[in-house]
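Chain lettering (A, B, C, D and E) follows the sequence in which the chains are written, and residue indices restart at 1 in each chain.
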Amino acid sequence: MKKMIRVLAATSVLATALPAQADVVIGAVLPLSGVNANGGEDQRRGIELAVAQINEAGGVLGEPLKVIYEDSGNVPQRAIDAARKLVSVDGVALVIGEYSSGITIPLGQYLVAEGVPHLNPASTSGLVRGIGATSFSMVGLDNVSTEFAAKDVLDRGWKRVAVLAMNNAFGQGVANEFGAHFAQLGGEVTTTIMYTSGQTTYRRELQQAESTEPDAYVFTAYGADGGLMMQEAYELGLQEDPWYSILITMHNADTPAEFKTGLIGMDVDYTADDTSYKAAYEEAYGQSFQSAWSGYAHDTTLFAAETIERAGSTDRPAVLSAIAELGAEGFTGVTGEIKLDADGQRMWQPYQKLKVEGDALVSHE
Amino acid sequence: MIEAQDLRAGYGDGADILNGISLTAGRKELVTILGPNGCGKSTLLKTIAGYLKPRSGGVKMHGKDVSTVPIHEKVRHHRVGYVPQTDNVFRSLTVAENLRLGARGLDRATTARRYDALMEQYPVLASKQGRKASALSGGERQILSLARALIAEPEILLLDEPSAGLSPLMLHEVFDAIAGIRDSQGMCIVMVEQNAFEALGVADRAYVLSLGQVAIHAPARDLLADPAMRALYLGGHVA
Amino acid sequence: MVQFIFDTLFRAADLALIAVALSAVYSLIRFPNVALVQYAVVGAFVGMALQQQGVPIVPAVLLASLLVGGIAQVFNAVIFQRLLRLDPAIALIGSLALSMVLSAGFLLGFGPAAQRFSVQVAPATRVFGVRVTEMQVLTGGLTVAILIAFALLLFRTPLGREMRAVSTNPVLAAATGVNTARVTGLVVFLSGVIAALGGAMLALRGSVSIDMGTNMLLPVFAAAILGGLGNAFGAVFGAIVIAAAETLITNLNFGPIVGQDHVFLPASYAPAASFALLVAVLLFRPRGIFVSEVTRV
Amino acid sequence: MSDFLIHVISVSCIYGILALSLNLQAGFTGLMNFGLIAMFGCGVYGAGLVHRFGLPVALGPALALILAVLMGLFLARLGRRLSTDYWGIATLSIAEIARIFATNLEPLTGGAQGISGLPLLFSGLRPWDGAARLALFAVILGVAWLICERLVRSNFGLGMKLIREEPQLARALGYDIDRIRSTVMVIASVIAAVAGVLYAHYLSFVGPELLLAPETFLIWAMVIIGGIANNRGVIAGAFAMQFMMAYVPFVKDYFALPSDFVAAARLMLSGGVILGFLLLRPQGIFPERVGGRHDH
Amino acid sequence: MTTELLAVRGLAKAFGLSNVLEDVSFSVMPGEIVGLLGPNGSGKSTALNVISGFLPRSAGTITFAGRDISDAPVHAITDLGLVRTFQLPSMPHRMTVREVLKAGKRDDGGRFAPVAYGPEIDVLLQEFRLAHVAGHAASALSGGQKKLLSVATALRANPKLLCLDEPTAGVHVSLRSDLVGVLRNYVAQGGACLVVEHDMLFIRDLCTRCIVLDRGNIIADCLPGELENNPRVVEAYLGKAIEKGGMAQ
């Protein structure tokens, strides 16, 4: 028993000793490990670039802006634990997070319950809308993107398609919304296959899809999953039929060129009119965008800094009303204009049609 | 050929099971170790064989101290053969494979020669060379395990209750075989037995153990005639 | 149908090597060593790392397997021999713990993403109306070759005879002059090598991520237990049964039943099929279908 | 700051309850359950399903109880003819099957996205809600501890210990091994499910990730570090592990380590602690008190 | 006429093809101490295992205290009052001698009632000379002490019939007479014993009747004193060695 008390005492001393607060601090919960680690890393890059840009221009409220990154490990409860640390120990002004909708939703609900402003930089499931009053999306939701995709697919003359999506909130949202829009526009979904992310093979799923003899395969996949799926589709000879990827940048970087020849798809448009961000990214990291999400994370950070500046303090109620104000007014970042609707969701965002050329993605109208 | 001096041994950190036992056995001699259940017979044999390290005292074979030499090295380098009590054949291996295992380390020609000789000596085995050992009867297994030890031509043979689980008829066959080995090959044999009177019938000398100590040490013939022995098994007790 | 058989066989090949290694080592060291599945991942990762250092693929895989064999021996000597003295169940917990530590090591060393050997990948060709890729044929053939080589070693050589002798009766084997510690060490080494080769074959056919060990754990165990743990070649049979069950459950079209064209069970139920089979076997035939030589106490 | 400490202690209490449950099975009865998380899952999903289908919150514990009893009985039945290691693998399989179904039975369980928005306990007491929850958890932990202590010190407890080490002797003395096992499994399962219900209403989210196998091993680490078959010890172990887990991110911040470190360190901690203790101090920090308070 | 406590009729047990027990019938009355003897491999231990429910029978019936227990599970048989010990008792290492002794009697004051160590435990500890090791781990006892503990534990269960498997093997000579005293005392208070034993002196001191098994069949059922003069018994024990020249008396 004595030992236990000693352990407790030691850890609580450790706990109070660690956080050092001087700067304006915001938190970010990202999937820095797990299957979405590449996406999470790309988000982190976007945030870093934004922080550099803000601090170069004098910071926020006269202080340098600091972002504390926490890893969700792609697990909801870890994400909530991480948020708890950010909120109660680091005392952050607001929290940016996460990547996949299945985690963003419980994370957001926790933050809403705590009264902490939550900015969603990436998750597009329709369910995000219901998180709560102090949660805001810096990205347009599925209903917008899948309608765009369904139209694009039909325009290319493919009437019967098999849909593959990962079995989580985002994938289920995409599959349902796409199916609804596609049927409404007169197409037919032959089968909808929900696969578990992180497998070592997707042959079974691919063969299930193939047996329905579709005109084309419509799929969405995270980084490593997408790469493997494209390789196996190639090996199985399924690429004789066209493949169409919803949010193609999620896995493009993880897919070797030889397995994605002829792949087309759509994604959010992250370079709007302004190419300076693209240049900064390439200079800093020596490669082109790994996904669309760095741009959104970048804009989310800029948006956050701007609201704190407007609020005049890191006081949460003040920050919240500043977000509402700025959202109604509109704010222009590298992904175009961010304007929020009554639910705090981004009303519009640009999309682009893309195709693979070698290793890179190019516009494909 | 075997000299055990004041052996003390036990399992794990348990109490001593052998409380200072000394024993000798010479060439062309069949020595049997007797005693009631739990007196330490098998433990003594295991300690001599090298399964168990003595806590004190020592074992010499051919005049060399081998107290800490593990069993497999004794078999390979000190010409020792050991036949455990039950479960003494490799059930999943064929009769031929069992014998070949016994002949490990020997060249092909020698193996073949001795193999054939054993087949001639033990016709029960010859007819079942390709069978799995698990298909043999209890007596056949006993013979097989004996043959497996003999193929390496040991000079010292340690037997742990060769009669265990055998029918009386089979028992005589096995004991006769053992006595035959001593006589024909001049081997030194130490045999632990429950079947006291049968064992005494073939043995030269006997040690009777009680609670981890030697209670009686005498020539087998004398013991067989000894009323104390009769008492031990039919209503007597050695204090 | 032909496609079904091929899918089953290739899935069985995924499992067979690791399951055989597991069974072989179980026959001598009587506890289910969960870490063996992670050895397969180590083998694949080390092979890929060597290839990235410029070692050609064949020596890279061989070198990696030998290395894993050595690692298996070290872990066995340092960890499992000591834990087994306490209790086989403790050794099982230890092997689970070792698996976690190894996963952590992979995460730090190789990152979370799936990795591949850099080999030429060609699209599948059709044989008997079934699509097979060059790599599938090659690795499948190699798997069979490794299994045959292991069988020959076990049943046709004096060393194999000693291995079988030690596994059926270690006490007697020692009494026959077999150095049981050396034979056990050798089998541990071989199990590491075979598991690593199994991992490399998997990596050659697709990709290997740090989660592979966790994902393979139960199917491999299901195969090994189905075949009767300790019965090395029963494990091959077990692998085929498990593979068939997994393939069947994902190939069944429930569409007609519910009045649609195509409704499949999600393929992610496939592992549940193998686990359920495992549980059923344990419920009704607690010692596997082929009762092995190992009598359990 | 103190909020975070309250959080860590609250979660430690919940894990303390789980550690007690595992200790009852593995520590005192020798039942090596590697699927403990499925019992916890009965509680989590009991609460979650009730919420998802709009039933009164109070039905959550009831549903959890029913699921837990069934789970306990099934695992005990499975163990009837199996040796320890086979049973361990079997329990691991059951837990994985449960997780796979939780992930895929979307209409029932909400699938991979889980069930969110469960009512948070005492949310009306803000800002004292955290402390109130902690108090509740501590009380329930205390009650669980009392139940476990009473159980292992009873005549029944002697039977458990006898079964753990000498089942043959236990049988010869007339102990009905199957019945004692089933009873222990059901009690332990219910205790774990209570922890699950509390956790679900604490996290306000229920998802299949809660049922991942490494979570079971985390609880094993707690039991092994604290001292197997020592009820106070395993609670101490739960606190120690939870605090270490919770402070890994701070270590990362402090030394500016890469973010992969957190995930790896957590795995390394549970695995390494188990291995280290098994090799160097298998009896744990607080060893079992053989003989209890009556023997000196 | 008093009714039989234990009645065994036509009991047979085969392992695979070998018949270990062929046709065994005998009974035990209250107040009796029956010795079950026989050379190695005669089936004594197997008989004990089948009667106590540890092995399934192949044929025959077993009744105990008026109930058919032929197929009853071990715990049910024990509940009726038939308690056994083992030839090589192994004891737990994380329970004390006192705890093991306590565990001999189940449901003492209720299943979930706290364990209380009453004076009867101390009496038993004294009687079996285990008081000085009462707080030690049971596994740390010597082989003989374990034997004594197992007998004491079985006695705690207040059995109607106590079945002992070689209770004296490994037990120190000075303790054997104590054991005889304790068992006599127990029988005097209404118990009965069935003892598998090698030590003839012990048998002669203790038993009221002896049953001798050979190769799965009963070859004698007599008083202990009559054993030496029973030619079948002598033959079974001494075999052909006699003819071969031994036993020259």
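Definition applied: a residue touches a chain if its C-beta (ideal position, glycine included) is under 8 Å from a C-beta of that chain, and two chains touch if they have at least 3 such contacts.
Predicted, not measured: the structure shown is a model, and the values here were computed from it.
Asker: Where the contacts of chain C and chain D overlap, which chains show up?
Answerer: A
Asker: Between A-D and A-C, which chain pair is linked by more C-beta pairs in contact?
Answerer: A-D
Asker: If you take the mean of the Cα atoms for each chain, which one ends up farthest from chain C?
Answerer: The most remote chain is E.
Asker: Where the centres are mean C-alpha positions, what is the separation of chain B from chain E, in Å?
Answerer: Inter-chain centre distance comes to 31 Å.
Asker: With centres defined as the mean C-alpha position, give me the chain B-chain D separation in Å.
Answerer: About 54 Å, centre to centre.
Asker: So how far apart, in whole Å, are chain B and chain C when each is placed at the average of its C-alpha atoms?
Answerer: Using C-alpha averages as centres, the distance is 42 Å.
Asker: Could you grab the centroid distance between chain A and chain E? Build each centroid from C-alpha atoms only and quote it in angstrom.
Answerer: Here chain A and chain E have centroids separated by 75 Å.
Asker: If a residue has to touch 2 or more other chains to count, which residues of chain C qualify?
Answerer: Where chain C meets two or more other chains at a single residue, that happens at 107, 111-112, 266, 268.
Asker: Taking the top-of-page definition of touch, could you list the pairs of chains it picks out?
Answerer: Pairs flagged as touching, ordered by label: A-C, A-D, B-C, B-E, C-D, D-E.
Asker: Spell out the part of chain C that touches chain B in their complex, as residue ranges.
Answerer: Those residues of chain C that touch chain B are 158, 161-162, 164-165, 167-169, 171-180, 293.
Asker: Would you tell me which residues of chain B are touching chain E in their complex?
Answerer: Residues in contact with chain E: 14-15, 17, 36-39, 138, 163-168, 171-172, 194-195, 197-198, 200-201, 211, 224-225, 227, 230-237, 239.
Asker: Which chain A residues qualify as touching chain C in the complex?
Answerer: 33-35, 37-38, 167, 190-191, 193-196, 198-205, 207-208, 211-212, 223-224, 227-228, 231-232, 234-237, 239, 254, 258-259
Asker: Mind pulling up the chain E residues that touch chain D in the complex?
Answerer: 52, 54, 73-75, 77-79, 83-86, 89-96, 98-100, 102-104, 106-115, 117, 134-135, 137, 150, 153-154, 157
Asker: Can you check the complex and tell me which residues of chain D touch chain A?
Answerer: 1-5, 7, 11, 103-104, 106, 111-114, 116-117, 120, 123, 203-205, 207, 209-210, 212, 232, 235-236, 239-240, 243, 246-247, 249-250, 253-254, 259-260, 262-264, 266, 285-286
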